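Read from first to last, the chains carry the letters A, B, C and D; within each, the first residue is number 1.
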Amino acid sequence: MKPQIGEESPKFRKFRAKAHELIFEADTPQGKLFDVVLLILILISVGVVMLDSVPDYHKDYSEILWILELFFTFIFTIEYIVRLLSVRKPLVYATSFFGIVDLLSIIPTYLAFFFTGSQYLIVIRGLRLLRVFRILGLHNFVNDSLSIVNSLRRSSRKIVIFLLFVLMVVTILGTALYLLESDINEGFNSIPRSIYWAIVTVTTVGYGDISPITSTGQFLAAIAMILGYAVIAVPTGIVSTEFIRTGKRIQHTNISCPDCGAEGHYHSARYCFKCSAPLKDEIIES
Amino acid sequence: MKPQIGEESPKFRKFRAKAHELIFEADTPQGKLFDVVLLILILISVGVVMLDSVPDYHKDYSEILWILELFFTFIFTIEYIVRLLSVRKPLVYATSFFGIVDLLSIIPTYLAFFFTGSQYLIVIRGLRLLRVFRILGLHNFVNDSLSIVNSLRRSSRKIVIFLLFVLMVVTILGTALYLLESDINEGFNSIPRSIYWAIVTVTTVGYGDISPITSTGQFLAAIAMILGYAVIAVPTGIVSTEFIRTGKRIQHTNISCPDCGAEGHYHSARYCFKCSAPLKDEIIES
Amino acid sequence: MKPQIGEESPKFRKFRAKAHELIFEADTPQGKLFDVVLLILILISVGVVMLDSVPDYHKDYSEILWILELFFTFIFTIEYIVRLLSVRKPLVYATSFFGIVDLLSIIPTYLAFFFTGSQYLIVIRGLRLLRVFRILGLHNFVNDSLSIVNSLRRSSRKIVIFLLFVLMVVTILGTALYLLESDINEGFNSIPRSIYWAIVTVTTVGYGDISPITSTGQFLAAIAMILGYAVIAVPTGIVSTEFIRTGKRIQHTNISCPDCGAEGHYHSARYCFKCSAPLKDEIIES
Amino acid sequence: MKPQIGEESPKFRKFRAKAHELIFEADTPQGKLFDVVLLILILISVGVVMLDSVPDYHKDYSEILWILELFFTFIFTIEYIVRLLSVRKPLVYATSFFGIVDLLSIIPTYLAFFFTGSQYLIVIRGLRLLRVFRILGLHNFVNDSLSIVNSLRRSSRKIVIFLLFVLMVVTILGTALYLLESDINEGFNSIPRSIYWAIVTVTTVGYGDISPITSTGQFLAAIAMILGYAVIAVPTGIVSTEFIRTGKRIQHTNISCPDCGAEGHYHSARYCFKCSAPLKDEIIES
């Protein structure tokens, strides 16, 4: 887990401390500026890819958009390399959630040289915006996010049970409609497709691309709708209950581990929960 | 209730104890393996039937899929017979929920020799997956399921009242639209069909296969939508309240009755709640 | 409020006591039988009208269905007259909710002699099924209904505020789409129709009979959907809160006032809350 | 913030006190009458604009509706000017929420002389109806509105987090469908449009104007629907929790500041929370 080679030169240590402060911390003015610039670059680069997918723009501005895209990817690639260098345990960072997202955010553009269309995958770059809360120094947002995630985690078992129940209902319902209407209604020409229709119906989405035409089929569909309409109460009840039970909120800082870049440490934390490195010591040193 | 004939040979008793342990219990390694294999077989056999219903696959692989289907049904038939033999009160098992589901899971294939298409009914086999919780030894899942079921049971009266109210609303609404638009709109050509439309609207499914075209009709539809949109709050409120009230959770084991195969006994239970047979004694004996 | 003329003959008093017991009370075997027969007749007569509206049945069985309809209406007319005679204050009964529903349930058939189609209005007869709870002697259902109604009444102000907010949103949204797309999209050819579309969208019904085609229109629609999707939380939260606060349940009897037929008296009630007549005295007398 | 010029003549002071009482207060009979008349005028003028947008009416009654519209705007313009004169700090009023709404309610008609169609913007006049609660002297409505707003404000952070999550889901989902179906399905011809489809799906609106046609696309759509169906539980849970926590209700008066017209003062308030002017003193003086 410690991929650094031999002794580090004091110059490199200083560079790393500086880079870590700039990239991972948001408490200094420079760190904040860096984060805001990054945020804007991400938004623009995602916007560029979206524009490029619109036929009208693609026809006229295809080349300039592609150059912009290459430019942004170049910047993000440099940023990714500096990130790796600025932590003492680059492997831990590279295999963390944000490490993987950072990598996935630059690969699609390079892949586009070989596979046309893959550049659109860079919308995954949007996931980097999850850092937005830390960037803005909004501790309350981080705490609220964690409180939602915790509520959902505690109710996850019940939600899984509910989803299994829904899956069984749509399977049986879809098969019933397939048996009823497959001969006369093109929309129900296979069981998987009928199950797709059943999901569209029970979740109250209701595209209308497939809909029953026989009286029995419409009767079954009506029952499915009322079931779906009433049954939505179950996950809501489950989640509400957990939210109400979750009174206390855990306090988190926006300190980032100097060794592996992990985030979400407690105020009282002195060591990284992921790689056990002491927190903030390098900043104190420098 | 005791259909065993005369005295049982010690050999048969031993076989039954062994079979019961293998099929009904999930605590021994063999019992667990049996359950997991069964789970996989069920999933594959349901998948086979679904594939068979897709026109492209049906054209090319109809025969091989049908042979597979026969093979799975053969296995499940043997399993069903062994299940019947392994309990001391086969009739109690055969008339229990899982006993009926087990039977319904094999009949459709045999019926398919006489009625084309009936083999698709075996998706009911999916209900056997409800055993999945016991199979995985996940007591918490069983407890959570029971807690959801209990909450729903306690709020069932209120939900029935709510559904009766919804039924009245859609009946009156459907009739109103029938009177308004039956002459000019093919979609409202009968009251039952207009009620079907009203259900599609109030539950916010909204296929769009039938929709009002007159101003008055659209006005009534708009009221129905807002009503349906606001009224969804009622079942949610009912269920949430019950979930919040249901603080305590009942603890259940995954022991299965040696006589009738009933499941869901309390930790403190010493006798089966369904047939009064002492629990676990045969296992202790063997 | 006391329309009885002069002194009543003892014979009439006896008839009225008997009729009241039969029609309004559900505690005696005859009273129960009467209610169940009535329930079945209502369901059949509503079914007859619905069948009559289906083109296929209308063509072949129009006459027999009409005769059946006349027959049922005849029975309900007699029942209505006896109901009026069996209470001491017929006017109070006639102007009560059930009195009006009872009258509205028979008028449409007679109107059908003058206005074709009006017979379909008798589906309002379905409202008489609200008596079903009393008929079945299910006090708990009555109590639960009242508990739901009370919760809704207490949260009615908040729901009205919420609906006013929704109305403003859909008005502004509909006008915006009208200004954007009225020239190029037939669906938005007037503001009321655009508001209809906005309601279809915000309530997540989504017929698809009208949908925006410009980018700006789709962008606004997307915002409206997310708003509607998130805002559904508000009425749910309001109603849930009231349901949770409503811990105590009010106990009601299924006694019916001998003078005006009002229902829903408390167990401790000795006088009718609507016409102040002493409760149950006639039954005790007879 | 004090734009009054020099000393005010006693006559003007008296006029202002009178006008303020009439327009801003609802406790006197004249004040109430003024508010009710205003309410009716607003409703009629909005109705006139809506009628004008319906092609059938526009053809026949275009001129009379336009004259009516001018007439109403003239009245509202006078009212706006008197409102400005009746407060001592007109700038504070003019830049308040209702001040801006009042201005926006009259501008569109004048703009219509230059830009055809802009008169429809006056539906924004509908926002003036928010005063309806004060007009009717319904303190409870004001309190309930504030209680809803407070609950939403307290849960706003969590709702923002939830919406960001939804935005990320629909972005990734829309891009996935674009990559899958852009070549064969006209509906997914650009990423923004695919995201529009994803929003239509996840919010369970489901127009059906765009829907996936490949098996993989329908599979992804089904997952999105179930996700959207289950995830609606989250905002509901958040809001319900806040509603339940919000036990206490803040009491507000319907007194209006004599200087800037601000509303929503506490019963114990003696000074305006917006411009610090003493409350009610002029009324006491006059």
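The working rule: a contact is a pair of C-beta atoms (placed from the backbone, for glycine too) under 8 Å apart; a residue touches a chain by one contact, two chains touch by 3 or more.
Predicted model only: the values in this text are computed from it and were never measured.
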Furthest chain, CA centroid comparison against subunit D: B
Proportion of interface numbers common to subunit B and subunit C (over half same, under half different): different
Mean-CA-position distance for subunit D and subunit C (Å): 34
Inter-centroid spacing, subunit C versus subunit B (mean Cα positions, whole Å): 34
Distance from subunit C to subunit A - Cα centre to Cα centre, in angstrom: 48
For subunit B, residues that touch 2 or more chains besides their own: 162, 192, 195, 204-208, 228, 232, 236, 238, 240, 244
List of subunit B residues in touch with subunit C within their complex: 157-158, 160-162, 164, 168, 171-172, 175, 178-179, 182, 189-192, 195, 201, 204-208, 211, 215, 218-219, 221-222, 225-226, 228-230, 232-234, 236-238, 240-241, 244
Subunit D-touching residues of subunit A, taken from the complex the two chains share: 46, 49-50, 53-55, 117, 120-121, 123-124, 126-127, 129-130, 132, 140-141, 144-145, 147-148, 151-152, 159, 162-163, 166, 192-193, 195-196, 199-200, 202-209, 228, 232, 235-236, 238-244
Residues of subunit C touching subunit A in the complex: 204-208, 236, 240
